[in-house]
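Take a look at the structures below.
Shared between the two complexes below is subunit A, which pairs with subunit B and subunit C, respectively.
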Partner chain A sequence: MGRLAWIRLGVIAGFIGLLEILCRGGAIGRLTMIPPSEMAAALVELIASGAVDDDIGRTLGSVAAAFTLAVVFGFVGGVALHAIPRLRRAADPLLATYYAVPFFVMIIATLNGLDRIPRVLDKVARTHRMRPLETALRLKLPAAAPYLFTGVKLAIAYSFIGVIASEFILAASGLGYQIAYAYNNFDNRTMYALMLFVLTLVTTINMALYVWERRLQRRRLGR
Partner chain B sequence: MTAIRRAFDVALLLAVLAAIWQGLYMFAGDVAIASPAETVRHVFVLLERPRFWGHIEETLSAFAYALVISWAGGVGIGVWLGAHRLSGEVAEPILVALYSLPKVTLYPLILLVFGLGMPAKVAFGAIHGIIPVTIFTMNAVRNIRPVYVKAARVLRLSPQQTVTGVLLPATLPEVVSGLRVGFSLTLLGVLIGEMFASKRGLGFLIINAIGLNDVETMMAVTLLLFVFAAAANAFLLALDRRLHKRV
Partner chain C sequence: MTVFHAELAGVARTYPGVAGHPAVHALGPVDLGLVRGEFFSVVGPSGCGKSTLLEVLAGLSPASTGTIVFEGAPVAGAVPDGIGVVFQEDASFPWLSVWDNVAFGLRRAGIEPGETERRVREAIAFMGLKDFAHAYPAQLSGGMRQRVCIARTLVLRPRLILLDEPFGALDAQTRLLMGDELLRLWRETGATVLLITHALDEAAMLSDRVGAMSARPGRFIDIVETGWPRERDSRIVAQSGFGKITGRLWTSLREESLKALGHAHGAAAG
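Now for the complex of A and B:
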């Protein structure tokens, strides 16, 4: 690990440590927040008891479904809008308004990617007399891939946000529902354990994708 | 000519969307959604009620506070992180991680800290909006042409003068892009906050209407919010484009 990573770790550890001290010292009341160490202990108990297995499964299932639909339809929609510039100009403000929705995120990423395909690739395709399908698969898709990857990454994040938000309001199972339920019952231990679980899970997934993306970019730039 | 044509295209798109909406209405019926005509009629019915204006005012003032916090805070922190290389590099992955967290998860915490009502809504809006503004500003300041910074040093500008006289003008287009993103997300945050943590405001009206299965009110408020968000976004997008073109 480099120096930067150590400083980063120090900042995060310091923040958690501060929270722990504030909670233990009584500056933050127990009704507001339990110490981070207790959250972790409560989470381990909760997972070991298996009480939330169904909810975890349900939430992950919904996220996977939402993500797949968003990526597939977003990609198709992006390609269609790219092909019809007039429609695209008219739809622009609409896209900008709704981009916290995974489907729109993917449309925007697709448009971005297609916009940035170098012109020269068209000429390459023509000189090699490639068929349209072949051009799309072997030239355009790889050229647009980094932007599509960004879209996929954001679509995962927004799928989680959307699914958990709607579980808060409109569901009778799932992690969001369980957090809201624990909150309504003043069950702070379960609530903070589940919050910790969601935050850790999402952060791990996002960080893995972030690191992977950086590695891809570095390779593209030939560094 | 092109302006007229674009306006025509937008109108055409809206007409198509309204037609799809009407189609959905015919397919799903009164229980699930209201027809476009009914919804528009109901918007005017709501607008005549004095109490409805109270809800609008509540939402707008919460939104205004949250927006000020996320814009000012985001630009401030962004400039600092962009100008100070080490802080920026340490903070970037942390910011990216925070940006993609499902912040709804934190809503019980916000409620426990701020209690029900205005401060919780404002806080909820601000945590949604501040991070994208910070990220955009940070990247803009970081990618500024080094010669500008050198010029500021040669002229012996104070740090404050450097920020207001050099850094912000040079990064204006990117910063405005960030403000635009922050605008949408802050609005989203405030509305979500109202859905959970309030007995007033448009978010509350929607969730209350869902509870009562009052489809007309639900759709009318949603339409109103959509028009507001789309209009504000179109304006910011135009500003954004103009600034990007100028440079």
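Now for the complex of A and C:
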């Protein structure tokens, strides 16, 4: 682990330690926040009891569905808009308005990637007598890959936000619903335990994607 | 009657007007015959249609009028087999290693793996990239990346190599050395080479013949035969005849360059 990673870890540990002291010392009331160590203990108890297994399954299932639909249809939509400039001009206000919806995030990332493909690659494809589909798969897709990857990362984050936020107000199950229910019933132990679960899960997924992206980019950027 | 390896007859190219902008007559009409195995360079003022000439000859851009023939067959709508093009821009694939970049065309063409490996190894060694076979383009200098692109073209054994200012982004010394490599490549492959360049010294050093083009729409206003032996390298710049060739080219091009800059009236003074 590098020096920067240690510093980052130190800052996080320091922040958690400070919260622990402030909560234990009474500077932050229990109705506002419970100590982080208690959140962790509550989370372990909750997972071990199996009480939220169905909710976790439902939320992760919805996130997976939202993410898959966003990536597949967002990519196809991006390619279509790139191919038909008139349609793109018409859709521009929509893209600007709904930029935080995973599907639109992926469309924007795809358009960014396709816009930045060096034009010389088209000429190279023609000198190799490549057909349009082969050009797309063997040259354009790899050339646009870094932008598409950014879209995939954002689509995951926005899928979690979208699913959990809608469960807060529209669902009768799921992690979002359970968090809102606990909040309304002053059950801070359950609420913070579930929030910690979501935070840990999303951070882990993001870190894994970050490591994967860095590995892919290292060679490409000559690092 | 000379049978040319590639021939352009009355070729002109006009780009149609777009969004209220008028049509641009970029090239010609141009007549040019390339003898099999010769090294021909094209020089001319910026924007005179040199790259358009190359694209039309390669089949990358359609001619508005005239005919293009390569090895006896008309060129129309597609790049014919046997023509290889190296572009001015960095066209290496950043997601592939040097080896995979060079092997790209061979793998596509379904060449047997043993043969592919042999040709790639040969091309990489030929271009002086042996120690960088597993490096990625981002780990190479601009000149080395351009050599990767040349190697990628070379492995397909083109009989006509078209180079569009391939050394444009390099410093003067590196360009001379790359010129040496290009001459070696030309000699050893026996291919016909057409080089587009803005550097008169580069054209004079490398070529059997140099065509000087007018300001847009580009036409050949002079074709200079250098008379250099086939065995030559960049040291030729020290020969007395070298200055005469570049001098003649500049005499042809000076007024055209001024025209391209919009200073045609001052041309006569020099």
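As a convention for this text, the second predicted complex is superposed on the first by the 223 of 223 C-alpha atoms of A that agree within 3 Å, B and C clash if a C-alpha of one lies under 4 Å from a C-alpha of the other, contacts with A are read in each partner's own complex, and residues count from 1 in each chain.
The definition used in the following text is that a contact is a pair of C-beta atoms (placed from the backbone, for glycine too) under 8 Å apart; a residue touches a chain by one contact, two chains touch by 3 or more.
As the structure is a prediction and not an experimental result, all values here were calculated from the model.
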Combined model on subunit A: subunit C and subunit B, fit or clash: fit
Partner contacting more residues of subunit A (subunit B vs subunit C): B
Inter-centroid angle subunit B-subunit A-subunit C after superposition on A [Cα, multiple of 10°]: 90
Partner chain in contact with A:Lys123 - subunit B first, subunit C second, else both or neither: second
Which of subunit B and subunit C A:Arg220 touches, first, second, both or neither: second
Partner chain in contact with A:Pro142 - subunit B first, subunit C second, else both or neither: second
Overlay on shared chain A, then closest C-alpha pair between subunit B and subunit C (Å): 8
Intersection of the subunit A residues that touch subunit B with those that touch subunit C: none
Complex contacts: residues of subunit A adjacent to subunit C: 118, 120-121, 123-124, 126-130, 134, 138-139, 142-143, 145, 219-222
Sites on subunit A touched by subunit B in the complex: 4, 7-8, 11-12, 31-33, 86-87, 89-94, 96-97, 99-100, 154, 157, 160-161, 164-165, 168-170, 176, 179-180, 183, 191, 195, 198-199, 202-203, 206-207, 210
Residues on subunit C engaged by subunit A in the complex (per definition of touch): 55, 58-60, 78-79, 81, 83-85, 87, 89-91, 93-95, 97, 104-105, 108, 136-139, 153
Residue numbers on subunit B that touch subunit A, as the complex places them: 6, 9-10, 12-13, 86, 89-90, 93-94, 96-97, 99-109, 111-113, 180, 184-185, 188, 192, 195-196, 207, 210, 226, 229-230, 233-234, 237
